[in-house]
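By written order: A, B, C and D. Residues from 1 in each chain.
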Amino acid sequence: MNWDRRAFVKFAVGAVVGLHASPLIPKLMDDSAIWTQNWNWVPTPEDGALAFANTVNPATGTGVKVRMVTGRLKGERLIRVEGNPEHPTSKGGVLPADASALENLYFDDFRVKTPLIFNKDTGMHEAVSWDKALEVVAGKLAELYKAGQAHTVAALGTEAKTLDGELLSRFMAALGSPNLSFNVSAADTLALAGWAMAGEENLGFDLAGANYVISFGTPLLEGFGAPVAVRKAFAGWRKDFKHTGTLVQVEPLASVTASQADQWLGCKPGTEAAVALGLCQVLIQEGLYDRAAAGAVGFEDGDRGPGFKTLLAKNYSPGQVSQISGVPVETLIGVAKAFAKEPKAVAVCGPGGGGEPGRLLDFMAVLALNALKGNFGKPGGVVVRQPLGLKPLGEAINHAGGKPRLDGLGSAKRPVGVADHLSLAKAALSGNPYKVNMALVAGGNPAYSAPQAGVVRDFLRSVPFLVAITPYLDETAVMAQVVLPCGTFLESWGDSLAPYGGAVAEYGLHRPLIKAYEQVKSQGDVILALAAKLGGDVAKALPFASAEAALKTRTAGLGDLAKLAQKSYHVADKPAYGSVSFKTPSGKLEFFSMNLHNLAVKLSGEGGMGKVLKSLGVSAEGTAALMPHYEPPAALAAAGHGRLLLAAVPSLRTPKGDQPLTPYMLKVLDGETLSNKDELVVEMNPQTAASLHLAEHDRVKVTSQAGSSDAIVHLFAGAAPGMVFMPVGLGRFAIANAYTMGRGGNYNQVAEATADPLSGLPVWSLTPVAVTKA
Amino acid sequence: MDDSKFWPQGVTRCKPGAFIAWMLVCLGLGGWAMLSAFLCIYKGLNQTNMNDFFAFGVWIVVDLAIIALGAGAFFTGFMTYVLRRDELKNIINAAVIIGFICYSGAILMLGIDIGQPARGWFGFWHANVHSMLTEVMFCITTYLIVLIVEFVPLVLENRQISKVPDLSFFAHNLHRIMIVFAATGTFLSFFHQGSLGGMYGVLYARPFAYRTGIVIWPWTFFLFILSAIASGPSFTTLIVMLTEKVSGRKLTSHKVKMMMGKVSAYLLSFYLVLKIADTLYWANVTLPKMGVTFGELYGGGPYGTYLVWMELGLFGVLPALLLLQRRVRESYGLLALAMVLNCCGAVMNRFVMTIQPLAIPVLPFEKFVGYLPSWQEWGISAGVIAYGLIIFSLAYRYLPIFPQEVELNKG
Amino acid sequence: MSLADRYSAGEHRFGMVIDVDKCTGCGACTVACMSENNVGVLFDETDKLRSITWMRVYQIDNGRPFPETQVAFFPRPCLHCEGSHGQHTPCVSVCPATATDYDEHTGIVSQIPTRCIGCRYCVGACPYHARYFNWFDTPWPSGLERPLNPAVAPRMRGVVEKCTFCYHRFQRAKNKAFLSGGKVEEMDYQTACTEACPSGAITFGDLRNPNHKVAQLAASPEAFRLLERLGTNNKVYYRTSREWVRRKADNYLQDEKTGQVAASQGGGH
Amino acid sequence: MTTHEQGQAKRSHADWLLFVVGFVLFSALGFWGTPALLYAEKPQPFQFSHKVHMEQVSEGCKSCHSFREDGSFTGIPSMDKCKECHSDSPQGDTPEEKIFVEQYLNKNKPVDWRVYAKQPPCVFFSHAAHTENAGLDCAKCHGDHGKSESLRPYQYNRLTGYSRDIWGWNILGLGGPPKRMKMDSCADCHRENGVRDACFVCHK
């Protein structure tokens, strides 16, 4: 046998055949396939014991259940936020913002994980210890305090009446600064309207009890109050395929609410109040109104002048209202009659599409319609919410009285209303009567979410020392000298109050369910720690060991805190039905508001009242000025001549401005909101677009006096002519992450805020804009 | 460098330099394909422009087209070995090689087209017998094996290799039993050509693709077989003609080509009668039941009715009429033209049946979206063509695939 | 009762009824689905042709001019077709690798990403675009892998995935029933989208169980299915009182009356 | 017959022998080399005797490997479970127990046991269905593991990362549990017993 080429070939063939006869090849094939099933860059979540905990999401008012899993090796983690079926108003439903809340909690790119101090030399924020950070902040506060400049410290909170808001208020009062502002909302406007006409600031709409609802310009199904609760009420009107309730929507966009409504009155922009008054007039002329309403102050003509009834007849006949609003006369009469006929029918006002607080006179018009229906205290009507019985946090120490407020609130310039970020920012930027040396932003993100965010951002940037207490490295935090990390609602103590428009007393509580980041504290704890560091009266005003302890004091009337926290909410069983004892000066319902009248008198003396009201933006004269009436929004006058009116597209697919836009929420946006990776989409009527020579998907620039944004045009027949509709919640530029940063533009940047007549609150639901091809 | 001792006996080939230059061009295309393939495997199919609407793209069109055109192999084999048309022995070798190229090329492409190439064998191991694609996978793979068996003796006939007695003996014996393989190949091919058609015809929720049929086979099953065997012989002949033009040598007698043309002519005519009948039935009976009209389906974006006229008229009836004429078949140029039209018809049919069903949305509220292949997709497609050119060029240069070549080029 | 009987006793047909007149398109179902089923987010989610949303909410409008315009929404999970007979869904019948099957016991169309070879034939076969191919490796960056649900295996690139009617919830409910000796009741097995919807627009349950609400609702004359006449015979019913919405749910010839045409093909043959 | 031809004939026989040699050698290499190539060993953190523990408990396997209220199976017990018997000082005198108490129990650090029967993440295995509903013994799938005095070496597949017990100890993939716990083993048993084998019975 020769070991030659042929022999070798045979051996080699044998070897190859032999190897193939062995399991090597099939085994390798199988294992390669299994390898693709177990790629190590695909995560494998660890299984373990499941547990659930209740809490309430303060950003949405939804009662939720958090699902957690405890793995044997990796320990606890939260895996889902889902609805809490036991929660009396949200009944198991959730919003995209709730269901994606864990992204706010766990997405590292969003979060501030340790206290940060801005280093001027490197231009970066650097991590420091809590001690160091508090020392720096308290040191600055003490320095200003000692220099008698405590009033030049401004604070920007989110909600005044929550625990965090109260702690911040006490902190500022004890420190000696009157310059504290909060986010404004429709709740502020409704409180004023209620105070003006009924002497009651705590009104709600019994949507769940009603079966005929007219909603005036507010996105009832897309961001009204606690949206889940409203949707649950809506579900009640559409029970198992039977329309058991009727929804009528008045607004200039074929929005979701308008489309799901049984009837949509597509009115001209800003004329919703005129429609409400037109309905009032039909009720009266047809004799369909509640006779008890006739006894209300200012209904009939009186000494002061013509009454509400006369004014309606004079100015708001169906023909006139149809002229103003573009809603046909027959429609107005039909709706009014149906409204009158239905025993449980309610008229609803609320926030605008972009979360605007709404206009006081509009709200009063809607309350007047309810009054004529005899709705106060009735099931399915307007109810006064029960008081919650929260206990005060002890004696307040107020050193802030000495200096005037920057925003002039309480002066003749702005006699009613509440403090808002924009007014504070404008006044501070003017430096009159003094400059702001330090600002403390607690919990919110006003540089993004405040009306005319550009102005607020300019203000915050101009402040020599800015402190942000926030869970997120957002638009506000990136400008701050010191950033103090607080937790999301899933990792901290805090509370939330009854959502806007809800009919029952409601209180939500959230507690730490997990410690996702070692150094993060409850917002309340940060304020308390700062107070303790500062010492003196500030520490005395805030004598709590922790936010939990403060909550214990606050909720003493609601039982054991631990138990309450487990349950996470306190909600009254049912609305307080029954006759309402009006707390107005007359003790009656007032179409002519004595509260407003008395205030105006106080400010001016009887003679100059007209002038005062003019200065507050009321153009109507005589008794009408203090009655529900229609004032055309300032923006209407500026529109036309090639200018369009900008309004917001309400949506639950984007979060409220203070919350980051989560990747999941970004994902559910469709091509009518965001397109081509990062381009904002605005909606226009095809005719309007044609008149501007714009076609579908044209790139445009939307410019107002306040700012501008690039966008892409989407033609939508359901948009009122002469308007342009912009989504809200996009255009985040600060939180550096691959998903949401730089996507779209910010509505708040373009919308221009004006002072609402009487209330002085900023309103920005309509803005004259130029839309030009980019 | 002289490689003439590897050339087939008694023929000449172009200079090595020219051949190498030509190979480099092909390899360049191959390089583009390799880069594309690497990206598609390493980074995933996001490198293509396919998406969830266009789940299939240009690759599937190329796949189906080359498998249809490669049908010349089995059908010529069928006619040569089973029907004993001895004249066709003069072209059968070329047909086999083209078939091999088309089928192996298609399988290579499919290996990249699937999202998990390492799991490709699941289709065999965990086969779902109800799926037309399973049938396709099995038949294509087994038929490729048949083609390899048919191809191997050709390789062994190389002047140098055939000097090894064992191999020569092996090749000779393989030749003797070729009828078995030809018959097997015919059987397999009938099924997978049909199944490829069936793949689309069974999509009963895609009105554009869906066809009624008999038992489990939709009409497209039979139409695909017919259009494949109608265009396959034309394609084989065309490649031979192209080789003749490029090499400047006569490779088969015109009689052989005419015969292939005649085969194509009758099959194409038969196919067209059935195809037109099918289209009419589909447009007038099948579609209305689904609530759609022919006009709607041929009205989306660039997919207008001109496609029908092109597919069935310009690339269907016209080449059929041409090829049926003896005078046309006698003319080298006209025969080639008619065959080109015929092949275009097959490619176009595969395009229309794969891309258009996906492009036309079925839900009334969905919109038409466009699709253009990415450079990676073109790269792979070009690579398959380059692969074919390389294999055929090598085969032509070194293997005695044209028995008539020596005789035809005498003097 | 033999072991086999205990398993096959009681055949279900799990399905849904979605009230289009209740849906406001808020996307809560989509987000709840994604968080339940570990669906990831790509860097460009405006590319809806590659975005994976098992539960996708389609917006439609009636095309009428202002102020008669209306919009409506079709939330679209996998519709779990049955075809003319169980295995004859458009997708199951075409998968070459048996990576998807029709469970005769539950009526659920499965999808097993670890078996899938990524040929996308099923994606092309589905007229609802309910099947999604993983064109990318899903990025789970910095921290976002923490809330992943252990009940659902994350998928790899190159495979198809789709809505499973949260089948894992049925598995877990059965586990509990095995231990307690009880049965899986209507409320023990609900999908994530059903639970999440604030309008209660989605009802889920066993279409074969007359006590389940979903069975009662599906029997209503106002209930219909998407592309019913193709014969997909699916198990997701919709409901509306608006004719224009209903007409958008299927293809009609001009002279045909809404909702009055029978399924034609009956799932092919 | 010429010598040349004879030589040829002899030669070819000898050649075929070489073919056989090549075949045997390389198929043997394949059989032996495949597992050697694919599998590696990882040590367990320390030794553990199921036998000793079984003698101490009253309810067999379920004493430690129990069900949760929701029907899910705990698998390897948590440290809390261990603490029900173990205190902060060793009870016996094995060095293993000392390691356990000092390095794990006292530090409250979970033991990262290598789990022989760990299934891929796409698998939903219901212990409740098998032991509670069908009444199978643990040993049906886990063999005598519960009686073992020590932990055998844990082998895993280098390519896939899975325990060798999944593919099984026979390189040809023959046999069933406890020697092999791949899907076809599950499917075989389901088929034999007429139990459903739709994908979603055991996949997630």
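Heads up, the rule we're going with is that contacts are C-beta pairs under 8 Å (C-beta built on N, C-alpha and C of every residue); 3 or more make two chains touch, one makes a residue touch a chain.
Model, not experiment: these values are computed from the prediction.
*Asks:* Compute per-chain Cα centres, compare each with the mean of all protein Cα atoms, and return the closest chain.
*Replies:* Per-chain C-alpha centroids compared to the overall one single out C.
*Asks:* For chain D, which other chain has the most distant CA centre?
*Replies:* A
*Asks:* Quick one: report the Å distance separating chain A from chain C, using the average Cα coordinate of each chain.
*Replies:* Here the centre of chain C sits 33 Å away from the centre of chain A.
*Asks:* Chain A to chain B: how many Å between their CA centres?
*Replies:* 63
*Asks:* What whole-number Å value describes the gap between the mean CA coordinates of chain B and chain D?
*Replies:* The answer is 49 Å.
*Asks:* Centroid from C-alpha atoms only, then distance chain A to chain D, rounded to Å. What do you get?
*Replies:* 56
*Asks:* Show the residues in chain B shared as contacts by 2 or more other chains, in ascending order.
*Replies:* Residues 116, 119, 122 of chain B touch two or more partner chains.
*Asks:* What are the residues of chain C that contact at least two other chains?
*Replies:* 47, 114-115, 137, 151, 153-154, 158, in rising order.
*Asks:* Send over the residues of chain A in touch with two or more other chains.
*Replies:* Within chain A, the residues that touch at least two other chains are 32, 35-37, 44-45, 47.
*Asks:* Line, ring, star, complete or other: which describes how these chains touch one another?
*Replies:* Basically it's none of the tidy shapes, so other.
*Asks:* Please give all chain pairs that are in touch with each other.
*Replies:* The set of touching chain pairs is A-B, A-C, A-D, B-C, C-D.
*Asks:* Chain B touches which residues of chain A in the complex?
*Replies:* By the definition above, chain A touches chain B via 29, 32-33, 35-36.
*Asks:* Could you please specify the touching residues of chain B with respect to chain A in the complex?
*Replies:* Residues of chain B touching chain A: 116, 118-119, 121-122.
*Asks:* Could you please specify the touching residues of chain A with respect to chain C in the complex?
*Replies:* Residues in contact with chain C: 36-37, 39, 41-48, 69, 71, 77-83, 90, 92-96, 98-100, 102-103, 105-109, 111, 221-222, 227-228, 231-232, 234-235, 238, 240-241, 243, 254-260, 264-266, 516, 651-653, 663-672, 674-678, 685, 716-721, 738-739.
*Asks:* Mind pulling up the chain D residues that touch chain A in the complex?
*Replies:* It comes out as residues 11, 14-31, 33-34, 38, 68, 70, 72, 74-76, 78, 110, 112, 120-122, 157, 159-162, 167, 171-173.
*Asks:* Can you tell me which positions in chain D touch chain C when the two form their complex?
*Replies:* Answer in residue numbers: 67, 69-72, 120-122, 124, 126, 128-129, 132-134, 193-196, 198-201, 203-204.
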